[in-house]
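Paired with chain B in one complex and with chain C in the other, chain A is shared by the two complexes that follow.
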Partner chain A sequence: MSRRLLGLLLVLPALAVIALLFILPLIMSAVGAFQVDGAFGWGNFVKTFDLYTKDIIFTVVIVSLSTVLIGLASIAIGGYLTLGNNPVAVSILRFLYRWPMFIPFIVVGQLMRTFLAKNGMMNNAAVSLGLMTPMETMSFLDWRGIVFAFVWKQTPFVALLVAGAMASLNRDTIEAARNLGASKLRVLFEIIVPQVAVTLTVGLILSFVTMMSVLSVPLMINAQSPTMLTADIAFRVNAYGDYGVANALGLISLVLASSVAWIYLRISLKERT
Partner chain B sequence: MKRFSYAAIAITLAAFPVKAAELTVATAGDQNMVDYINQYLGPLFEKTYPGNTVRAVGTGPGDSGSQKLLERFDAQAAAKSEKWDVDVAVVHEKFVGPMVTKNYLAKYRGDIETGSLVTRDNAKMALGTNVDGYVMPMFNSQTALAYNPDLVSKPPQSYAELADWAKAHPKQFGYNGIKGGASGVSFVMGWIYAFGDSDANTLMNGPFNADDTKKWDGAFKSLADFTTNATLTPGNAGTLDLLSRGEIAMGPVWVDMFYSWQASGQLPPTMKLILPAPGMPGQPMHYVIPEKTAQKELAEKFVALATSPKVQAEGIVKRFNWYPGIDADKVKAELDDATWNKLFVDISPADLAEKGKPFPIAPYNSAILEAYEKSVK
Partner chain C sequence: MTALRNNLSALWWVPRGIVFGLMAFFIFGPLFNMLLWTVTEKWYFPHTFPLEYGFSSWEKVFAPRGGALESLGNSLVVALLTVVVSLALAIPAGYALARLKLPLRGVILLAFLIPQAFPNLTVYVNIARIFYEIGLNGTIPGVVLVHVSHGLVYAVWIATAAFSAIDPELEQAARNIGAGALRTFRDVTLPLAAPGLMASAIFVFLESLDEFTGSYFVGAPDVNMLPLLLYTTASGGNYQIASITALLLLVPSLVFMAVVERFLKADVLSRVGQ
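Entry: the complex of A and B
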C-alpha cells in the first residue's frame, strides 16, 4: 500500500464524521427550507418574512451592538493589563476577568433573570445605596438584558485573545511613545490597538457567530416579540412541528453568520500568504 | 477453531436476553416528572413486581419534550424496527392525536383494571382526535389567574372585567406571551374563547372550518392593545417570580405550579387564584404504550399501578397538587379531607366543571398561535 493511500485511509474516519454529521444535515436543512408539502417553492420564506422580519432585524441589531460593546470592553481590559501601573490592581483584574468564560450560557441567563429584574439584585443594591427609590426601579429583562448577558459572557473570551496579543507586542514602540509624551489613552488607541487589530477582529467575529446561535439566553430573558431568531426556530419546531419555516429561519441566520465568517476567511488567507 | 468457539459463545449469549426485565419509561415535562418516576413510581413498581427495574428518561420540558417522543416514534417506524425502545411514554395531550392517527400506540385501556375508572371526556377525544382506549390520563392540570390580594382587592370575574382592570392598572398584569411556556398560551386561547367572533365550542370540539380563522381580527386587536399595557414575563416560572417579588399584581399560571411554589415557600401564602369567565384551558398528560413495545404486559402493569386510586391520591394529588387523572371520587376516598380540600381552596369543583376548558383542537390551536405572532408585536 502506498503511503499516500495510507494517509487517505487515516483521515477517512474524520472526513466521514464531518460529511455525515455536519455537511449532510446542513444540506438537508437547506433543501428543507425550500420544500412546502413535498414540492419546491418559496412558501417558507414568504411566511418567514411575513412573520419574522422584525425578529431578523432585532437579532442583527442586538448581536452587532453586543459585538461593539464586547470590543470596547476587551480593549479596556487588555489595555489596563498592558499599561496599568498598579501591580495589585492588574493581578486582581487578571484573576477576575476570565471567570464568566467558564459559565454556560444557560446559567448566565438564569443569573441575569434575578440580577436584572425590577426588584432584582442590581436595583436592590442601588436602592439600598440610596441611588434611587423603589418606585424608580425598572426591569431590564428585555433587549437590554440580552445585550448585558452577551457582553458579560463573551467579553472575557475576546479579552483573553486581545490581552495575549498585547502582551506579545514589542514594548519598545510603547516605551518610545511614552517617552515622547503620549498619554496612556493615546498609546492604547494609536500604538497598541492597531497592532492587535487582526486578533481583535477574529475574536469579535467568533463571538458574533456564537451569539447568533445562543438559544438559552433569549429564551430565559426575553422570548417575547420581537425576539431572537433562535427562539423563533425553537418555537416553529415545538409548537407547530413545522421544520420548513424553521429551516428557512436557520438558513437566514446562516447567511448572517457567514457574512462575517467571510471576513474571517479573508483575514486568515492574508495571514498565510 | 478457537476463534469459532468464541464466536459461537458470543452468538449464544446474544440470543438469550437477560431474564430480569427493564422497563423504559420516557416522559416529557419538567425535571419533576422524571423525579416522580425515579423516586416514587419506579421504586413502588419494583417493590410490587420484584425482579424488574424501571428506567426513567426525560425528554425535556414543554411541548418540545413530547415532540421529541413523536419524532423518535417516527424514526423507529420509518426504520421498520420490530421492537421499539420505549415501553411507556408520558406525553402532552396535543401529541396523542398524531400518535394514534399514525398507528403507533396500543389500544390498551380496556385491558387494565383501572381503565374503567376514567371518567373525563378528554380521555376519549384529544384536541379533536378520537383516542378512546389508547390513553390513560396521568393527571389533569388547569391554568388560572393568580393575584396578590394586597394589591387587588376585587379580582376581575371575567376576561371583560380583566381587560378593564388592566387598562386602569398599567403593567400590573403580567403574562409570558406564547413562546415562553403554556400558561401564556392558555391565557391567549381563553382570550379568543371570550372575544373571538367564532363559536368557542367549535374551537374546542371541531370540526375545523378555515373561515373561522378570519373571525379573530377584533379579538387580536384588543389583545395587542392589552399587551402594550401588560408586563411580559420570562416563562411560566417568570410570572410566578414577578408575582412573588411584587412586580406584577396578577398573571396566568398553572394551578399545580402555583400550589407547589406556595408549599415550598417560593410564593407568599396570601396569593390567591381565580378562574375568570368564560374559562381558561387546562390539559391532561397521558400514559401511552407503543404498539411495538417489547414488554406490553409489564408496561400495562406499570400504567395500571400508576393510575390506581392509591397512587393517584398519594403521588398525583398529595405530592404534586395535580387534579387526578381518574374519577375524582375514587381518589378522594384514599385521602384525608384536608389534603383533598387543599386542591379546591380558591377554585371550587363547580368552578372547575364550568370554567375549566380544553385547549382548541390542533388546527385551530396552530392558527391562533400564528395569528398571535402576526398581530401582537
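Entry: the complex of A and C
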C-alpha cells in the first residue's frame, strides 16, 4: 500500500465526521432556507426581512463594535507587554489579562447578569465611591452588556496571539526607531502593528465568527427585541418549529460571517503556499 | 539628580496603579460577584453586599433531587466519551498529517476548522432534525457526536503538531534495530507525543464541558448537562444556584489555564496549524 493511500485512510474517519456532522447539515440549512411548504421560493426571506431586519443590523453593529474594541485592547496589551520598561508592571499585566480566556460563554453570561445588573457590583462600586446615588443606578443588561461580555471574553485570546507575534519580532528595528527618538506610541503603530497585522486579523476574524454564533450570551443577557440573530433562530425553532425562517436567518449570518472568513482563508492559504 | 529620577519613576505607578486597578476590577469583579452569590441567603437592592450568608443553596444543588448531580454526571460522561472518540479519530489523522505525504494537506487541515469558522447554530438545528429521524436526538451518543465534530479541530491540530515535533530519527533508530511499524509507533512515537496529546485531550474535554448550543438543541430536555442547568436556573431567576453551577464549570477552565503551559511546550505550540 502506498504511503499516500495509507495517509488518506488514516485521515478519512476524522474527515467523515466533519462531512456528515457539519457540512451535510450546513447544506441542509442552506437548502431549507429556500423551501416553503415543500416548494422552492423566497417566502422565508420575505418573512425574515419583515420580522428581523432590525435584529440583523443590531447583530452586525454589536459584533463589529466588539471586534473593534477587542482589536484596540489587544494592541494596547500586546504593545505594553512588548514595549513596557518596568518589568514589574509588565508581569502584573501578563498575570492580569489572561483570566477570562478559558471561561465558557455561558458562564460569562451568568457573570455579567450579576455584575452589570442594577444592583450588580459595578453599580455598587460606583455608589460606594460616591460617583452616583443608588437611585441613579441602571442595568447594563442590553446591547452594552453583550458588547461588554464579548470584549471581556475574547480580548485575552486575541491579545495572547498578538503579544506572541510581537514578542517574536526582530527587536533591532524597534530599538533603532527608539534611539532615533520615535515615541513608543509611534513605534507601536508604525513599526510593530503593521508587522503583526496578519496575526491580528486572524484573531479578530475568529472572534467575529465566534461572536456571530454564540447563543448563550444574548439569551442570558438580553433576549428581548432587538436581540441577536442566534437568539432569534433559537426562538423560531423552539416556539414555532419554523425551520424555514430559522434556516434563512442562519444563511444570513453565514453570509455575514463567511465574508470575513473568506479573508481568513485567503490569508492562511497564502501563508501555507 | 538620581533621586529626582527615582521619584519620577515612582510617580509612574500612579497612572499604572489606576489602569491596573480598573483592569483588575473589571476582570475579577464579575468573578467575585458570582462567588458572593454562591453563599448568599438574602441580597436585594440597594445593598452593596449580601444581608445574610449561608450554604443552603449548596445543599439544594447537591440534594439527590436537585438535578445538579445528574447534570454533572452527564456532563462528565459526555466529556470523557468525547475525548475518547476525538483522540481515536485524531491520533491516526494527526500522525498521517505529520508524517505521511498527503495530497492537499493544507486543505485537509483547514477542513477541521470549518466547524469553528462558520456560525454553528443552524447546523445544530439541522443535526437535531437528522438525529430525530434516526433516534439519536436526546441521547448521550448524539450529544457526544456533536461535541466531537466541534472539538476535532483542537484534537487534530494539536496531535499533528505533537507528532511533527518528534525527531523522525528516533523512529528510524527503532526501525533499524528491527521493530515493526506498529511497535515503533506504540513504543516510541506515542510516548513521545503523550504530553501534546494530553493537551489536546484537555482542550477537547473543556470544549465539551462548556458547550451550550449543541447540547441545547440535541440534548435538551432528555440529556441534562451543566450548561443547560445553568441556563434554566438563571432564566428562572435563581441567582444562587446559577452561580454555583457557573462555579462548577469555571474551576476546570481556570485550573487548565494555570497548567496548560506544562503540557503544551513551545516546540509543539509553534507547530499548531502548520
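Here is the rule we use: the second predicted complex is superposed on the first by the 263 of 273 C-alpha atoms of A that agree within 3 Å, B and C clash if a C-alpha of one lies under 4 Å from a C-alpha of the other, contacts with A are read in each partner's own complex, and residues count from 1 in each chain.
In the analysis below, a residue touches a chain if its C-beta (ideal position, glycine included) is under 8 Å from a C-beta of that chain, and two chains touch if they have at least 3 such contacts.
Quick caveat: nothing in here was measured; it's all calculated off a predicted structure.
When the two structures are aligned on the shared chain, A:17 is found in touch with chain C, with no touch to chain B. Of the two partner chains, chain B and chain C are each touched by A:113. After overlaying the two complexes on the shared chain, residue contacts for A:220 are found with chain B and with chain C alike.
In the overlay built on the shared chain, the residue A:50 is in contact with chain B alone; chain C does not reach it. Using the contact criterion defined above for the overlaid structures, shared-chain residue A:141 touches chain B, although it does not reach chain C.
In the superposition on chain A, A:98 makes contact with chain C only, while chain B stays out of contact range. Which of chain B and chain C touches more residues of chain A is settled by the count: it is C. Applying the stated contact rule after C-alpha superposition, one finds that A:237 touches each of chain B and chain C.
Where the contact sets of chain A with chain B and with chain C meet, they give residues 113, 118-119, 219-220, 234, 237.
Of all residues in chain B, those touching chain A in their complex are 62-64, 67, 70, 176-180, 231-232, 234-235, 238, 241-242, 245-247, 366, 369-370, 373-374, 376-377.
Every residue of chain A that touches chain B in the complex is listed here, in rising order: 50-51, 54, 113, 117-119, 139, 141-142, 219-227, 231-232, 234-235, 237-241. Of all the residues in chain C, the ones that touch chain A in their complex are 9, 12, 16, 20, 23-34, 37, 43-48, 89-90, 92-93, 95-97, 100-103, 106, 108, 110-112, 114-127, 129-130, 145-146, 148-149, 152, 156, 206, 209-210, 212-213, 216-217, 227, 230-231, 234-235, 239, 242-243, 245-246, 249-250, 253-254, 256-257, 273. Of all residues in chain A, only 3-4, 6-8, 10-11, 13-15, 17-18, 21-26, 28-29, 32, 86, 89, 92-93, 96-115, 118-122, 124-125, 127-128, 134, 137, 152, 206, 209-210, 212-216, 219-220, 230, 233-234, 237, 243, 246-247, 249-251, 253-254, 257-258, 261, 264-265, 268-269, 272-273 touch chain C in the complex they form.
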